[in-house]
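Before anything else, here is the set of structures, which you'll find just below.
First subunit A sits with subunit B, and in the next complex the same chain sits with subunit C.
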Partner chain A sequence: MLKSSLGAAAVALAAVYALVVVPAEGQMTTMINGSVYASYGILALSLALIWGYGGILSFGQAAFFGLGGYAYAIAALNLGNTWAALVIAVALAGASAAVLGYFMFWGRISDVYLGVITLTVSLILYRFLNQTAGDEWTIGSAPLGGFNGIPSTPILTLPGLPDEPLSPEQIYVLAMGALFVGYLACKLLVATHFGRVVVSIRENEMRAELLGYDARLYKLGLFTFAGALAGIGGVLFANCVFVSPNMFNLQTNGQLIIWVIVGGLGTLAGPVIGCFLLLMLATFLGTVHQGGGTNWFDPNLVLGVLLTLVVVALRKGLLPLAIAGFDAIAARRGQRGRLARAADPLVCEPQAE
Partner chain B sequence: MDYIVIIVLQLAVTVANLALIAAGLAIVFGMMRVINFAHGEFLMLGGYAAIVSHRAGVNLWIAMFVVAPLVVGAVGAVLERLVIRRLYGRMIDTMLATWGISLALIGLVTVVFGNTVSGISPPLGSLEVGRYAIGRYELLLAVVCAALYGGGWLLLRRTSFGLIARGTMQNRTMAAALGVDPGRVYAVTFAAGAAVTGLAGALIAPIAGVVPTIGAAYIAKAFITVISGGAAIIAGTLSSATLLGSINTAFAFAFSPVLGEVALLAAAVILLRLLPQGITGRFFRKSL
Partner chain C sequence: MTEALILEARGLTMRFGGVTAVDGVDLKVRPGELRCLIGPNGAGKSTFFKMLSGQLRPSAGDVVFKGISLVGLPASRIARLGIGIKTQVPSVFNGLTVAAGVTLAARRSLPPMLARARTDETLARIGIGRLRDRLVGELAHGQRQLVELAMVLAPQPDLVLLDEPAAGMTADEVSRLADLVVELTRSSAVIIVEHDMQFIRRIARDVTVFNCGRVLAEGPAGQVLADQRVKDVYLGKEAA
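Our next item is the complex of A and B:
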C-alpha cells in the first residue's frame, strides 16, 4: 500500500516537473530534447506493455512507431488537416499490428520466432522506404523521399486553426502530456479483467486456455493496442523531428529493447525511466568528446557494455532493483528499531507509524 | 542460352552467399540454441581481420582462410567464457546479452578503425559467358560453401567429436553422466561456430566491403535462413538458403535488388506461417 502510493506520488511529481516546471524555465534545448525523449518514451511504454505484461517479445515494435509517423506525414501532406492525419496514423498503426498479430498468434508462433518475424517486418519496411527516392515514389502530394525521409512533415496545428502550427514549447507539453496519459491508460488496462487475463496467459498459456480464454484473441487485442500506442509515439516523433526510414532500423529496435531491460521488465514506469536515462546518457556521450584522438565514449560501445552487464550481473532492471532495495532498507530499519527497543526497554520512542 | 547460364550461376552465388552468412549461426543457434545477436558483428570482425592482416603483408588467401577464423574463433571463445557460459538455457537473456556484445563490438571497431568503408577488390578476375560476365571469385565462394557444408556433415556424422557434440546438445545431463564435460563441448562448439562465421565474413568482405555497422545487413537474413531451415541444421539451412536465395534472385532480376531483399524477408514470414517448425519440420526429417 505504502509502496504503490509512493510510486503514484513519484509519477505525479515527475508529471508536475515535466509539465509545469520545465516549461516555466523555458530552456529550449531541454524542451526539444524532452519532446524527442517523450515520443520514444511512448514507444518504450508500448513494448513494456506487450513484453512485460503479455509476454510477447516484439523485436520490431518500432515498425508501428515508423508506420504511425509515415502515415501521419503522408495524410497531413495530402489532407492539410493534421488532427485527421493523427487519427488516421494511429488507426493505421493499430490496424497493421492487428494484421501482423493475426498472422503470428493464429500461426501459434512462439517467443523467439515471433521476435524474429516482427524484426523482419520492421527491416522490410526500412529497406523498402530507403529506396523510395525519386519522383515515382509519391503518395498523393507526399514524396516518400527515400533515405532522407519527409523533412517537410507538417506540424500539428491548434484545433480549429489550420494555419497555426504548434510552437516547439506546445509540442513539448503535448508530447509529455501524451506520455503521462499513455502511462495511465496502460496502468488502467492492466488493472481490468482483460489485463488480468493477459497476465495469466503470459504465466501459463495452456492453463488460461483450459479455463476458457482464447489466448490468441487476448494477445491480438493487447498487440493492437500497443501498436496504436507506438503509432502515437511515431506521430509525436514526426512532429518534433521528421519521419525517415531510420525509425524502422535495427538501431531503433535495439535501443528500445535496451531501454525496457535496463529500466525493468514487468513494470510500466521502469522502461520509460530507462528510455529517458539512456537517451540522456547518449546525448551526453555525444557531446563529451571534443577534439581529436580516440573517442572511447562511443555511444554504441558504452551502451553495449552496459546492456551486457545489466543482463549478466543484475538480471533485473533499475526500477525492480530500486523497489527491492527500498524493501530491504524498510525491512532492516523496522528490524533495527525493534531490536533497539528490545535491548533497551527504558527508551520510550513516540510511535511514529 | 548465355543468359540462362548466367542466371543459374548467379543463383548459385546468391544461395552460397546466404548459406555462408548463416553457417556459423546454424551451429551456434541451430545446434546450441544460443541466440547470438552478435553474429553479424562476428562476420564484420572476420572481414576486418582478413583485410587488416592482408594490408599488413599477409598473403590474401592465408588472411582469409587462416587468420580470420582464428581471430574470430578466439573472440568467440573469450566471449563464451565471459558472458555466454553464464546464460545457457536462458534464451531471452542470451539474446539481450549478445545484443549488448554486438553494440559493444560495433563501438569498439568504430573507435579503432573509424566509421569508414574498407575493402579489397575481389581477386581472380571474371568469367565470361557469351556477352555476360560473372566474377570468378564469386564462383569460388559457391565451391567453398559446398566444401564447408560437406565438411560439416562429415564432422558431425562421422567423427566421435561430432557424435559427442550432438549428444551433448540433445541431453546435457546424460552426456555428463557418460563422462563428457558438457561445459567444454559447449565452449568448443561455440568457438567453432565463431570461427566458421569469421571465415564467412572474410570470404564475403571483398564483395560487400566492411564497415563497423555492416553486421546489421546480415543478421536478419542469417536468422531467417536458420529458422526457416528448422531443426536439421545442415539440410535445413541449405534448403532454406536455396529457397530464399531463389526468391531473392527472381525478384532481383525482375524488379530491383532491393525488392529482391524485401521479397526474401516477406517469403520467410509467410514460410513460417505455413511451416512453423521450418522446412525440416516437415521435409527431410531424418537428415542432419
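Our next item is the complex of A and C:
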C-alpha cells in the first residue's frame, strides 16, 4: 500500500535525521532539548495508544511518567546499578498502571470519570512529593527533596561500566532511539489480534463482550503496557533533566492532552509530532519571552489559542490533516477510493499489511 | 429429560425499579430447536434476551445453559460458552470494515488462517461477500443487521438469539434470512423474536408468546396463533 510505505519512509527518514544527522552536527543545545522532547514524546505515545486506540481517556497519564522517573532515581541512588534501576522503574510504572487499571476497569469506570480518577491520582502524588522536603523523607539513601526533586540522580552508565555515566550526546541517542523503538512497538501492538480487539472495544464495548472478549482484560493489558511506556519516558527524563514533583502536575498532564489532540487522536506518530512541535514552540516563545521587550504574551496562552484553533478548525489534528491533504492530491491523480477510505484516522484498521 | 435441553430458564425475573419487565418466565429449549418468541412491544422479549446473554443480571430465577448456570457470569464468558446474540438495535463496529468485524468474531476461537476462511464462508452464506471491504458505518440499516448476523454466526454458537433480525430488510433479504434461520438449526438452537407474521408463519415450529413479562401461550405455531387470547393481545396492542 502506497500510503503506509510513505508513512514508513517518513518515519525512517526522521529516525535517520534524529539519530545520525543531529549527533553528527553535534549541536549540544539541540541534543539536550531533543532528549527532553524524546522523553515527553514517549509519554505522548503512551496517551496516544490508550486514548486513540483503546478509547481510554486518562487525564493523568503523566502519573506513570513521574512514577517511572522517581522509581529510577530512588533505585539508582540505592542500588548503584542504573540499568537495574531502569528495569525496576519501568516495572513499577507498569505495575502501578495495572493496579489502578484493575480497580477502574473491574469497577466498570469509564469515560470522563476514568479521566478524573487518573488525574486525581497524579495530583495526589504531586502534592505528596511536594511536601517531602524534610530529612525524614528519604528512601534508603535517596532524599525525596520536596519540590526540588532529586537533582543528584545518577545518570545511566555504559552497560558493564558502572563508573562511566553516559554523556549528554549518548543520552540523546538513547532517548531518541527509545522513542523510535517505542513507536514501532506500539505500531506492532495495534496490528496484532490484541490490538484489533482493543480497537473493537473502543468502537463498541458491548459488542466485543458479546463476541466473547472480556473488555476489562484487554483494557488492563493496554493500560499496563502504556503505563510501562510512560515509565520509560520518565526514566529518560530523569536522565536528561531530573525528577521533580512537576512531572505529575496539572500543566504536564494538560500539555500532554494538547499534544495528542493537536497532533491527531487516533494516530501514533501525530501526537509525537504534536509534542515536538509544541515543545519547540514553547522553547522558542520562552526564549523570546525572556529576551525581554515582548513579554506581553504568555507561552501558555499561545498554546491555548493553538489548541482551540486545532479543535475548531482542523478537528482531527495535524497528521490526519496532512494525510487528508496527501489523499486529495493522490485522488486528483486518479487514485481514488481506497486511499480516501483509509484516510479516516479513526479507522484504526492497521494499514501495515 | 433435562439432558435433552440446551437451555432452561426457571422463574427468570427482571425488575427495573417498580417495573417488572420479565416476571417468572420458564422456558426450555432443545438442541437444534427453532423457537419463535412473539408478543407486543414492551412484553419483555428483549429484556429476556439480555438476561440470557449476560447484558443484564436477573433479579430472580436461574438460567442453565449446557448444564452451567449463567446467572452472574459476564457477557464475554457466556459468549464463550456458546451463546451468540443479535441485538434489537444493531450492535456492530461502525469504524471497521465488514470483513474486519467478522474476522474478529471468528478469531476468538480460531487461529488467523482459519478465521479468515471462516469469515469468507460466513459472508458468502449470508450473501454479503460484496460488502466485505465496506465500512460498516456506511451501510444501510438492513445491511448492518446482516453484518451483525455474520459476526454472531462466525464463531458457530450452539444457541443463537435473534432479536427482530428482519427489521429494515428488503423483502429479498427477509426471505433469504428465513432460509438461513431454518438452515441454521442444523447446527444450533435458535430463539428468534420477530414481529413479521409472514416471517413467523414461514419458519415457525414452536412459538412462545410473551405478554407483560409472562408466558401467555406456548406450543406449535398453528395452534398458538389461532389462540383467541393471543389474538386479543396482539391485535389489541397493534391496533392501539
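Of note:
Going forward, the second predicted complex is superposed on the first by the 325 of 353 C-alpha atoms of A that agree within 3 Å, B and C clash if a C-alpha of one lies under 4 Å from a C-alpha of the other, contacts with A are read in each partner's own complex, and residues count from 1 in each chain.
Going forward, contacts are C-beta pairs under 8 Å (C-beta built on N, C-alpha and C of every residue); 3 or more make two chains touch, one makes a residue touch a chain.
Treat the numbers as computed from the prediction; the structure is a model and nothing was measured.
After overlaying the two complexes on the shared chain, residue contacts for A:Ala215 are found with subunit C alone; subunit B is out of touch.
After overlaying the two complexes on the shared chain, residue contacts for A:Ala98 are found with neither subunit B nor subunit C.
By the touch criterion stated above, A:Glu203 is placed in contact with subunit C alone, subunit B being left untouched.
Applying the stated contact rule after C-alpha superposition, one finds that A:Ile32 touches neither subunit B nor subunit C. Of the two partner chains placed around the shared chain by superposition, subunit B is the only one that A:Thr308 touches, whereas subunit C remains out of contact. In the superposed model, B is the one of subunit B and subunit C that contacts more residues of subunit A. Contacts of A:His193 after superposition: subunit C is touched, whereas subunit B is not reached. Legend: residue contacts after superposition of the two complexes on their common chain; A:Leu321 is shown touching neither subunit B nor subunit C. Against subunit A, in their complex, subunit C makes its touches with residues 53-55, 74-77, 79-80, 84-85, 87, 91-97, 100-101, 104-105, 107-109, 112, 135, 151, 155.
Of all the residues in subunit A, the ones that touch subunit C in their complex are 193, 196-197, 199-200, 203-204, 206-215, 341, 344, 346-349. Subunit B meets subunit A in the complex at residues 35, 83, 86-87, 91-93, 95-97, 99-108, 110-112, 216, 219-220, 223-224, 227, 256, 258, 261-262, 265-266, 268-269, 272-273, 276. Against subunit B, in their complex, subunit A makes its touches with residues 57, 103, 107-109, 111-113, 115-117, 119-121, 123-124, 127-128, 130-131, 249-251, 254, 257-258, 261, 294-296, 298-312, 315.
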